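The structures come next, written out as structure tokens.
Here come two complexes built around subunit A, the first alongside subunit B, the second alongside subunit C.
Showing the complex of A and B:
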């Protein structure tokens, strides 16, 4: 039965269309998004990763922390898909379990970075004046200061651990999103509907929440996805330098251990190749999604059929 | 020449440097545990006394700050913990040329590449070429730099033996003149190649500004008056899209100095990145902070030089 047409005359039909309209906004992006093959591939890749990582305890063939003294630095085989580490731990099982940590930190920290950047961008763009001046100046300075060395100085004093990594990433990482949100807010502040809302006495919070935020949502969401890539890589980098949490091993930590155990010198490529490849593939998948969102909903390249 | 703009930018650069110096002073003093503990905690009594005197750790915070500024302006960044008799300034002075060589070479090669590929991709956004270029640069950007360096080293040095395994020059070779230059270049190929993955960032920026620039009215005008495709592409569109690219090169430079930490470590390159890596492992705070300060100065200088380029290219600022 066609959903369009005289639905208001049919009782069951109208209930159905109501519920579709209710969830409609949640999937409104899909018809436009699906035109990009690359974007769909990215979604599928991330889906596979999430699936594998959630089911890690069932898919993993070994206990990732078990040290098998008879199987040290064994090359990939049927019993150990990606071989074993210097301590005889199964690399494949480690990959699945470490993925949980990498993905969790990545998404959580990216969420925090995005939230902070969005709030700062909204405040700076909406209120303008001296507030804007100060916030923009801080962002400009943070952009020019070498980020990683500053992160390392901070992290060295804070000591290794997951909270250090997240703190350092969030406190120094909000500038890019804040700048983009601010620019977007500045342009939609000019629209007449904002003026109308103001003239009938709407409060600042009401205007930001109802009239400005929906307009910057595209930028925020696209940037959140792209930020996931940055954060996952930063986490890997900081863990590789030894700031990771030894109890919660991420992919970066696996690389750190591989380097420490000398896997590189002894040609045990199976210990360092897979974790890096996982970071890369997950990062690529996220950036496919983020870039598609950016193309379709921020740059608004409507006429594209394929396209990245 | 627009002196007002230039002076304002110069003021901003000085402000960045001031922030870097102040952060260097504040971070150790704001962190849990006292600076006294961080600087002198695990050392013998006699050394502790000396360090406390050197940093004035028993004085008030303002006196400490004045002392710190005086020392920094004199170029005295303290003693390295891990290489004790050596001063931080001395170690950084030895390492800086190598790092600058790597970073500048990589930047000079990648920016034009990013420009060309960005123009090609942005001109026909959505075409097969665009998709291909986008996938390539996204993939490069999403891959950890140190892992790329590891793969390069493993494949081209360890397995194929085309390039040296470590260092910036052959040790004890006694090469001079052209032979030395060739040796240094040969050692730099893989590290520069690893840093060149940042090309993706320039390409993306160029492409995205091309896309938005192509919608401007002056592009339509140019097409309407019958300008050739190449003229519209390079003279009208790319010329304007170039400006955001130049700004981003400066900002990106602040990121690639971080990349040098990983790349130099993997290739055992004797630059500041390797120093930072060792400093992190041995908790060598003065060296770490000194390296941060030097990287800040280098970035600020690069950003300022790019400002001069910007000034040449943007007529709105020039006059």
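Showing the complex of A and C:
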């Protein structure tokens, strides 16, 4: 019994120290992370995207809003890498500039979703009782509501715009992270070191900040990255259905415009394929990173319990 | 001063409600974890509580530290009733009483450095204004418990230390606020045998140096005999025998105490050892048996034991036992 006990602890320790490294010094996570090929590929892909999108004004060959009457619906060529739209706009330049909007909305909304989910999960998991009961019921209700129709209704009601998309995504999206954080918190607070902190006289805030949050950081970070995927997809979906911000064109808006201008009907594949591919590839890249973080840095119950 | 009544517990009781699987309605049944326990810890002494797992000794320690709310009863610290202290009053009191935990692996947050762990109490209580003073104090405490106070040590994490070292860190952290009353819940039971003696010796040394009072929980009679001044034996939530350490070991009055003493394996193998030890485990009593709780396992049990609860009676200047057949 003592022997197997020790082995369990050591196992937990090594898992824990991995998660410490994930949240410790800035690049301490790298040695563990690099073991996953998929994760490294995802990181490189996202790196390329971010690089291209930040440098969009310098890479873009044309003004994305300029309508060239002489070049309407031209197939890809050396002057227009991805061809032109029905209005004569350069698809390649549009793609780069729209990427800024897509990525920004994605990261901002995912950040807001993660923050909200984490806070609610911490409160529900730590305090338990009636507070937990109420928050869990609200999450359950949001979880069973059909997502897309509700989003359409909300978006239609609030009017198109970036903030609408962020708002809708946050209101409906926090439940998944909240549930995971809550579950982690509930297992964390059983630890004797939480008890020890209480016996010292520490307050709830101190305990959550020092003893609970570091243990859920892995879940939070992994979920943040995965949430980026969800949000980028949702944003694309809402924009494609016409609820995007007309002033800030995103990849979803590009698809919406392609549909409006009849690119699908007339076989102008270069107008819809690039934004569609970008959404898919960026989503996959974020998934790669998120899943790698999830696999390598998130403490799971089975890891803690499973000695042999 | 020596015999001052330092920490007193009066009719302390803790019932845990339990629901049967699938039971949603109706009255919960209760586990009698600690039932009507009374004792007095004297200043500068070590009060030992001995009992098998599940007899309620950890619940008792948790109630003393206000980690568990008693169902009924009173606790007095230096003559002051602390049973109903609120969070703020209790926080002030925690400077004087601290706990050393059983599990040196789980009781230190593996994410934090040794420096942070030892300094946590002084941070919670806002003792030092600047980090340098705090660091000096932490180093002093580490030296007190026999650990290195190098910068390297301060930046280590619990995972890099051995069990004994971790427990020393736990003790350092418990003593950094200058607490005088230490509740030690089986502080060495999870350590290797060779390290136990070191930790116990350290605790005894600190007791002398800092005039500490210990409330020491253990399941080993030998340990209790070696370090405690007074020993209480608990069985199924009740104290069955309370006496000075020498008296209880040399002349145990209660059959359960006798059993615990007989259960210590002799260092020189004895072919007769273990032959007459009664069987059974400490039951979790949801419905305690009428009369003496020990009677289902007891060799002396008769009709009286089945009907009447024995009281703790003083049989020999300060040697209390709760048995009808002494």
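We adopt the following convention: the second predicted complex is superposed on the first by the 274 of 308 C-alpha atoms of A that agree within 3 Å, B and C clash if a C-alpha of one lies under 4 Å from a C-alpha of the other, contacts with A are read in each partner's own complex, and residues count from 1 in each chain.
The working rule: contacts are C-beta pairs under 8 Å (C-beta built on N, C-alpha and C of every residue); 3 or more make two chains touch, one makes a residue touch a chain.
Predicted model, so just to flag it, every value in this text is computed and none were measured.
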Practice task
Going by the touch definition up top, name the partner, subunit B or subunit C, that contacts more of subunit A.
Solution key: B
Exercise for the section: May I ask you to decide whether A:153 touches subunit B, subunit C, both, or neither, giving the answer as first, second, both or neither? Expected result: first
Exercise for the section: For A:167, decide between first (touching subunit B), second (touching subunit C), both and neither. Expected result: neither
Exercise for the section: Based on the superposed arrangement, let me know which partner A:29 touches: subunit B (first), subunit C (second), both, or neither? Expected result: neither
Practice task
State whether A:233 touches subunit B only (first), subunit C only (second), both chains, or neither.
Solution key: first
Exercise for the section: For A:255, select first, second, both or neither according to whether it touches subunit B, subunit C, the two together, or no partner. Expected result: first
Exercise for the section: Scan A:192 for contacts with subunit B and subunit C and give back first, second, both or neither. Expected result: second
Exercise for the section: Answer with first, second, both or neither: which of subunit B and subunit C does A:127 touch in the superposed model? Expected result: neither
Exercise for the section: Sort out for me which residues of subunit B touch subunit A in the complex. Expected result: 12, 15-16, 19-20, 23-24, 27-28, 31-32, 38, 125-128, 130-131, 134-135, 138-139, 141-147, 150-151, 154, 158, 208, 211-212, 250-251, 254-255, 257-259, 261-262, 276-277, 279-281, 283, 285, 288-289, 291-292, 295-296, 299-300, 303
Fill in the blank from the handout: The subunit A residues in contact with subunit B across the complex are 38, 137, 140-141, 143-154, 156-158, 229, 233, 236-237, 240-243, 252, 255, 264, 267, 269, 272-273, 276-277, 279-280, 283-284, 286-288, 291, 294-295, 299, 301, 303-308
Problem - Residues of subunit C touching subunit A in the complex - result: 65, 67, 90-91, 94-95, 98-99, 101-103, 105-112, 116, 120-121, 124-125, 157-159, 170, 173, 190
Exercise for the section: Could you please specify the touching residues of subunit A with respect to subunit C in the complex? Expected result: 2, 5, 9, 12-14, 16-17, 19-20, 191-193, 195-203, 206, 210-211, 214-215
